[in-house]
Amino acid sequence: MAKFLPLKEAVAQNLKDGDTAAFEGFTHLIPTAAAHEAIRQGFRDLTLVRMTPDLVYDQMIGMGLARKAVFSYAGNPGVGLLRRLRDAVENGFPHPLEIEEHSHAAMANAYEAGAAGLPCAIFRGYRGAGLAEVNPNIRSVTCPFTGEKLAAVPAVRPDVTFIHAQKADRKGNVLVEGIVGIQKEAVLAAKRAVVTVEEVVDDFDDLHPNLCVLPAWTVHTISVVPGGSHPSYTHGYYARDNAAYLEWDEIAADRERFREWMQKNVMEKTAEDFAGRVEHLRKAA
Amino acid sequence: MSTFTPNEMMTIAASRALTNDDVCFVGIGAPSAACNVARLTHAPDITLIYESGTIGTAPEVLPLSIGDGELCETAVTTVPVPEMFRYWLQGGRITIGFLGAAQLDRFGNINTTVIGDYFHPKTRLPGGGGAPEIATSSHQVYITMAQSKRGMVEKIDFFTSFGHGEGGDHRKRLGIDTAGPTLLITDLAIWKPDAVTKEFTVVSLHPGMTREKVQETCGWTVKFAERLEETPAPTELELTTLRDLQARTKASHEGTVKRAA
Amino acid sequence: MAKFLPLKEAVAQNLKDGDTAAFEGFTHLIPTAAAHEAIRQGFRDLTLVRMTPDLVYDQMIGMGLARKAVFSYAGNPGVGLLRRLRDAVENGFPHPLEIEEHSHAAMANAYEAGAAGLPCAIFRGYRGAGLAEVNPNIRSVTCPFTGEKLAAVPAVRPDVTFIHAQKADRKGNVLVEGIVGIQKEAVLAAKRAVVTVEEVVDDFDDLHPNLCVLPAWTVHTISVVPGGSHPSYTHGYYARDNAAYLEWDEIAADRERFREWMQKNVMEKTAEDFAGRVEHLRKAA
Amino acid sequence: MSTFTPNEMMTIAASRALTNDDVCFVGIGAPSAACNVARLTHAPDITLIYESGTIGTAPEVLPLSIGDGELCETAVTTVPVPEMFRYWLQGGRITIGFLGAAQLDRFGNINTTVIGDYFHPKTRLPGGGGAPEIATSSHQVYITMAQSKRGMVEKIDFFTSFGHGEGGDHRKRLGIDTAGPTLLITDLAIWKPDAVTKEFTVVSLHPGMTREKVQETCGWTVKFAERLEETPAPTELELTTLRDLQARTKASHEGTVKRAA
């Protein structure tokens, strides 16, 4: 059953060195506050999983938290490359980063299989694609009815998944709405799940029955962090800070500038600072 | 007739290839602009799908990312990402998959993964995202990119997504039953695959472009169709629609520029 | 793109003798009007697919439309057996009925695979179950990562699927809400889809973005049939006619009484008669 | 203390086996009544899931079918049926799967498919529905049924769902890592599987019941625990809760009895 904790305790209780961790979000609802808390607490040797690692993965990798990254698109969405990730892959800085690379279809199916308790996912994919030759976790099964060869990938089963969502009710049920991405699967596939939310409401009685609600007993810890997905956005609360994504491209281009920015904007800050960062974006939501 | 840039011509030529009945899997950048120009001009009922799960979107401004809020707000429905890849892409419902490329070869094979060796890359690019399956599950693939010798190469460093492979019936030999790349639109020309060899062949030059310019900006020896057409210049409506869209987009994205400390 | 037609034409244009047809609904939203129209038009040799064949399948089988039934639970929900289906299986009346029987998990996965364009579905199922020994369409694949043996069933791909839904907009987009069951998958898995709806509204602009909406281009034909799921129910419109389910148990128990009831309540009626049947159930919805 | 029927005792005994932390996959009939009595008495936060996709329901009246409207209206969320079977049942999130049986053997194997030969049945029953996977994916399985020699048999005609098979470690030998049937509650007694053989053994007799009555209504030679308990009679609260629930249910279902011609 979900318990409500300050983010600092939520991260400390649920993440540990060496974990396989997913901080999921598909452009929308990226759990930035949780990732920053993980950086402040200085975890090491993490295997970081995400379909679309973006700024927060660039930051965690640049700060040396990650041993390995599992992903399908490692870019700054709409802007370009992830320069800290590149530095790790190309130059081993701050230390070498192992990568396991998939397509979106493979990762989406792998999370789905994880949520469904299966050991693997099958799908029609990777035909003629180079990844199938460099990633030993891309295999195949043969359909026992048609003989068609289908791609197979292992299920993703993170030790812990972090997501950001609109709101929880007092019982700890969680609502995710808008672009729901892969978040439900990422939570259900994980051994533990931590959700940061914009707010807590009394109950969900007025919600449409078919919305994406994670029952309280599927979530381990909930932390209230208004603005917690900035510079990503929260549908219904505040808009995406596109300028921050553009700016990141410059910050991450230089090791020193990156370090300084992280020191000033992450290491010396707390989860409480996120609310102020989205003030000017609320009208636009 | 206004003057126009090669990039505008590229986007508008791509928009013309789309019809009201198409269901497009849209990537960010030129594909997104082309699809939305089509929607705002001759194809108002075209279905635009972004891989974030938004089906039937009609954004007022171009999204910076594939998951911008407006895509969801204007969509007919927004579905989870696993459903997007299973029911909608793999389910064979996408007529046109739109891809860009860091490196492209003459058979429409695309690299957006690495420059250099995969395990010791010179440049680590973002990777394929949805492309490996967009390339094989969409009925057809349209490619847009600005021409350059670095981009259009004899041999790509990595097969992020499969086009026509080594050409001919290579797709068929792999059991892939979709058409693959059927159109390449650059800032200089319109290319289509040869019926037999599947090599991309220039079929139309944009206004003011020449065979020489096309060859100078392409890393392989270019084939030209016997009867080479000239791409009609953008109409006033097309150009106004594209420029208005880009102006709205610029204003919107700059609107969030003020930052908290 | 969806076109709007009277139900009679919708059925005539989309169903033909020998088709594999699914009239899906999971207790909620059963497409009774469409099934009755099929009975009136006298189709033959149908392979009828449905997770939970209930009254309308009992009726179609009893009237001799079906050659084969593919299902996972052939009961009158909450009441008991399907007596016309029993008569066909046990006594070959009105003629023998071939059956292909699965579990719910298998059928749900098979529809899902159909919607996903896959040739088969894999899941963890049928362990120790007798169906695996009598149904040759239950096979297995081995996970290429763990070696676990998983069950496999062929995808369901009906020639035509009929469903009932709350409403369409003028463009032909269709909303299904409440217990959404397997309807979306049944439509997307089929070559053709016919949807009966309670009403048509101007647009869906006020709908929450995450509801179950079938875009117009995934639906072939829409017919407006108020009350069209009676004695099942339509969430938001009218309640389930539980008494009719209880009564069916007696009607179907006797071949003659069944025939008479079908003559009077189906053969001599039209789709327009459904609206009246739910009048007294509307308040309770 | 009121008098009570054996069926009431059965339902109430089953309700007592459920806790606030349980996530129950509920079938129609006695399981549904037991789960809702538990919810309305000692386990207000129990999660009830019906296979129609309704998660965390709290119906005011018992549903006639597993897909009644009130299940959705009172649910925390309602999901598509494929998701129910994939993420929730197969995903290992169900603690208690509640099953009934047309035929049951001493090892908790259940038949609800056919009486007689599968291909030439004497009686064609509805079939398994969700049972084959409920029996193997739920952490534990509880079974409720009224005792009879026709129902509790030496050998079932068809293995609709697997209990302990031939007993002992048969589940483990099939690679099934869940506990299987751990409780059988009839109108006469409470049964639990023997720790080693897994044969259902009577551990508690309901008030007024005897070993003889249990044996007379069971098709196999019944094993009794060394120390046989007596099931506590229903409390006033339990009985009132159950009867009120059933009265509300009856009134509600009859409320739709008026029929149009």
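Just so it is clear, A, B, C and D label the chains in written order, and each chain counts residues from 1 on its own.
One rule holds for everything that comes next: a residue touches a chain if its C-beta (ideal position, glycine included) is under 8 Å from a C-beta of that chain, and two chains touch if they have at least 3 such contacts.
As the structure is a computational prediction, the values presented were derived from the model and not from experiment.
K.L.:
Compute the shortest path length in steps from chain A to chain D over the network of touching chains.
P.N.:
Contact-graph shortest path, chain A to chain D, evaluates to 1.
K.L.:
Express in whole angstrom the distance between the two chain centres, defined as the mean CA positions of chain A and chain C.
P.N.:
Centres of chain A and chain C (C-alpha means) sit 39 Å apart.
K.L.:
Round to the nearest whole Å and give the separation of the Cα centres of chain C and chain D.
P.N.:
27
K.L.:
For chain B versus chain D, what separation do you get between their C-alpha means, in angstrom?
P.N.:
Their C-alpha centroids are separated by 57 Å.
K.L.:
Give me the residues of chain A that touch two or more other chains.
P.N.:
Counting only residues that touch two or more other chains, chain A contributes 112, 116-118, 123-124, 148, 178, 180, 184-185, 209-212.
K.L.:
Name the residues of chain D that each touch 2 or more other chains.
P.N.:
In chain D, the residues touching two or more other chains are 72, 78-79, 86, 90, 137.
K.L.:
Draw the chains as points, connect those that touch, then say whether the picture is a line, ring, star, complete or other.
P.N.:
other
K.L.:
Taking all chains into account, which pairs touch?
P.N.:
A-B, A-C, A-D, B-C, C-D
K.L.:
Where on chain C does chain A make contact in their complex?
P.N.:
It is residues 116-120, 122-124, 137, 139-146, 148, 150, 152, 154, 177-178, 180, 208-212 of chain C that touch chain A.
K.L.:
Contact residues on chain D for chain A in the complex?
P.N.:
Result: residues 21, 23, 47, 55-56, 72-73, 75-79, 86-87, 90-93, 137 of chain D touch chain A.
K.L.:
Contact residues on chain A for chain D in the complex?
P.N.:
The touching residues are 1, 112, 115-118, 173, 184-185, 188, 204, 209-213, 215, 217-218.
K.L.:
Residue numbers of chain D touching chain C in their complex, please.
P.N.:
Within the complex, chain D touches chain C at residues 28, 51-54, 63-69, 71-72, 78-82, 84-86, 89-90, 113, 118-119, 121-133, 135-137, 158-162, 165, 170-171, 174-176, 253-261.
K.L.:
Which part of chain C faces chain D closely enough to touch in the complex?
P.N.:
Touch list, chain C to chain D: 26-28, 51-52, 71-75, 77-82, 85-86, 89-90, 101, 103-105, 108-109, 111-112, 123-131, 134, 148-149, 178-182, 184-185, 212, 233, 235, 239-245, 247, 276-281, 284-285.
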